[in-house]
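So, here come the structures, one by one.
Each of the two complexes below includes subunit A, the first together with subunit B, the second together with subunit C.
Moving on to the complex of A and B:
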């Protein structure tokens, strides 16, 4: 059953329960967002897609990505209030990650120049959760997840050790809106490493020195024993 | 931790994903912390991804991924306790046990933590050891307090 929704004065008919952001897309109106992706469930983390909704004579400010449409709903995507909220969100994100191109572009389009809350140790991750959700919902590997809370919240593998479930598909590098996840293959360390901006994932804490690792210790002792036995056998002959 | 013990805990909660916090609390009650192997085992049996479990384990302060001592010492550093000399008590404990805040003694008897307010300001300075509250625990009283636990702990072992 299709229901009528008015978005920025434009009448569109959408299925009941369609999110506001999808309905706006049908109407040809783009709502800026950083954490929404068609292939994933809405998450509502970045707070940039804020819109004003009038329904049953009530005016509310909601996130467009996870707010379902109702018949007769009126949506305003570019009011003064919405603009002010988005500017505030962008300012906060910029204070955390001042060097991210997509944030800079958004800030420019909204006329934000100075950031009063600039941090010293800049991070690049905005914690939108796209990589985590993509790894879970699309890839199904569940190699990475969010951990800790507050200012310490970060994307890591469980226990910050080499992930046994990562298939190295690189989806996280593709989906990251800030470009802070990089697949690195370098000479100093063997194997692959995931660089997530300042919150980098070090897959192997022992720098791939397998002999000192608990996991491989047993294996290595077996190998050494077999070698010693072989040598003894050889020398006795 | 034994697989059998873990299975018993999981059975108790009928392998429900929604009871993951209760399951982890039960594990922590036995082990005093959440061992990595136990969490991996739970993840496997529950078919709940480890990244999610790790998220929960690190989100709540009540969970610890590091081994903790038999007696967890919590020194209240709230306003009232601070004014009545909580920092001196904390120093005294640090000197006595040779551990800093957030650490555990080598014999795994004591862990030291600070908390911001226990809501028992009338008893300031408050030190909680295990589940017991100790009022007016100033620096002079610390030695006596700790020695009681050391003797108790050894005799019960």
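Moving on to the complex of A and C:
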């Protein structure tokens, strides 16, 4: 059943329960995101996609990535309040990661010159969790996860030791918005290795040839080919 | 065969137990809850047993090892019935005397009675203690009166009657209507109407539903839920069974933090007993309704008290909140409709069922019904567990029940609702305590911690402490909570170290408001409350820290000095003797002098001076 939703004054009809961000996409309106990806379940962590919705006479600020639309809902994606929230998200993230290009670019587009907050960290990871969720939901390898909590939180392998669960697909490097996971060409066997901060993960050293291995070798060959092509294309630019 | 199938089985078991214990008219109620145990109440209890055996009074005197009575500060405490004599700070050496006095039916041991710190008068009876007499004990009534490890004692005190009533005479919808009509709201802090939550869950499609009791009490200085779980575990279980019957759940969990070993022990014993008596398990009381309960131990993350994080934690993953909607009542544990309520909320349910909605709705204020349990701590004379009617003023709680501020210092503020709550100043002390008034004052009910602060508490430091606590407990998933708390903490730390700058207050307000509107869960959404409420009511203190570099409360070490007033100093030398740095000098009976260069501001002299001669500049 399709329901009518008004997004920035534009009427669109969407399936009931469609997230606000998808409905906005149908209307041709882009909402900035940092932790959202079409292929993954919404996560709602970066809060940059916040929009104002009016439903049943109630005005609320919600995250567009996971808030379901209802019939007659009015969505405003560019109000003064929304802009203020987005600016604050970028300022807070810049205080953590001052040198990340995507944040600098967003800051520029929002006209932020001085973040007016104390900078202490010089990290690159914004903890959007895309790499971890992609490795879990799409690849199914679960080679990396989030450990610790609060300001100590970080992306790492289990127990922070070199892990052989990684299949070396490189999805994490590809999906990372800040470029803090690097794919390193190393060694003769597998040819790549992921490095993030002070930890690294290693794909299987035995080239997935053990009898007990679950990894589909044919799949691995395809993955490697696709990524080799991707790398070549990328480096030639 | 213990299994109860009919009402007459139930009555038979109750009467048998009452008959068995009727011979022993003298009952010594000793508290074996965490507070008293830390003061060696187990040894007292053992000594009482051996004294009784020595005198051969086993048939006359009964020792009841109960849960929390409420006056934890005076532990180990005990009450001698039927005279209702209250003894505090009992040691094993006192037991022979206590037994002898009790057996003779008269006489009171004066040195063990509670003495009013102001009037110096002793109080004999438990019910006359100021801490107790102004309370209205409903939920915590049985705790301290029954043996939490004996289901028969709970039954004899009227327990499980509500469940029998529900199963034999009420339909699930009638139960829900009764709870809605009573006006019961969630006691975990949010204050959502319990009956409405049950109704939403009951109407959500699905053949499998779950019921969860939240006993993950993590606020610093709060022990209401722990006391209830330790002292009256069956009331929680009974409430859960009634709730499960109402929504149609077949499986339930009690989530308890692992730091509460006694609560876990008593709850698991209570579950086993309830299964044995047929209140849990398959075909409860021959009604065809079944429920199994399990305890899930929490690993000590504050954020797991948040309902979505708690559910994820039960599922076996690391506790991180997720966005709502969908609410747990629609999509909760393993994606199934789930009711999750605080343990105290469940403790209210049997009372509502057995005494009726009118009785319940009669107490409290317009929008907040019933009573609320608080843990009253901080700079008050009487600290402990208190239960008061909703709408009782803060003044009554702090001055009548709590007995006022210690050492005759002046009241400054109360912090309600734990780290996510706010500070309420003297000007609001006549405010009735209910969900709406507290929210309006910038604080929250929370799970019910009340921390009283006096003139020696620095509000900037209080805000810094709570923000620091939350910074360590934030799960780190969403940006506002993780980064915002960090920013606020840095600013507050700078202010309390004397490095505050102009613009800091604005930055705190900006980040605080931002967190309130944009955080993913309740932890982040309320985390700025300590800062925002202190800024609202105590802005001048922030300003004096930032601009004058002064901490008038004498807490922020870089921002004050101690000095001795030579007119007030009697030269008693107590401060000189106690000072660990030998910074105070002076002859007996002559005014002493404090050397600021040596002083480390440990506050020992300040707190030990009986003449108030040590002042803060």
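In this text, the second predicted complex is superposed on the first by the 184 of 237 C-alpha atoms of A that agree within 3 Å, B and C clash if a C-alpha of one lies under 4 Å from a C-alpha of the other, contacts with A are read in each partner's own complex, and residues count from 1 in each chain.
In the analysis below, a residue touches a chain if its C-beta (ideal position, glycine included) is under 8 Å from a C-beta of that chain, and two chains touch if they have at least 3 such contacts.
Owing to the predicted nature of the structure, the values given are computational and were not obtained by experimental measurement.
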item	value
Dominant toucher of subunit A (residue count), subunit B or subunit C	C
Subunit B versus subunit C as contact partner of A:167, first or second or both or neither	neither
Touched partner set for A:184, first subunit B, second subunit C, both or neither	neither
Touched partner set for A:158, first subunit B, second subunit C, both or neither	first
Partner chain(s) touched by A:85 [first = subunit B, second = subunit C, both, neither]	second
Which superposed partner A:47 touches (first subunit B, second subunit C, both, neither)	second
First (subunit B), second (subunit C), both or neither touched by A:136	first
Partner chain in contact with A:68 - subunit B first, subunit C second, else both or neither	second
Which superposed partner A:149 touches (first subunit B, second subunit C, both, neither)	both
Shared subunit A contacts, counted only where both subunit B and subunit C touch the same residue	146, 148-149
Residues of subunit A defined as touching subunit B within the complex	132, 135-136, 142-149, 156-159, 165
Subunit A partner contacts - residues on subunit B that touch it in the complex	36, 39, 49-55, 58-59, 65
For the subunit A and subunit C complex, residues of the former touching the latter	42-48, 50, 61, 63, 66-68, 85, 88-89, 92-93, 95-96, 116-118, 120, 126-127, 129, 146, 148-153
In the complex, subunit C residues that touch subunit A	301, 303, 318, 322-323, 325, 471-480, 482-487, 490-491, 503, 507, 510-511, 514, 517-520
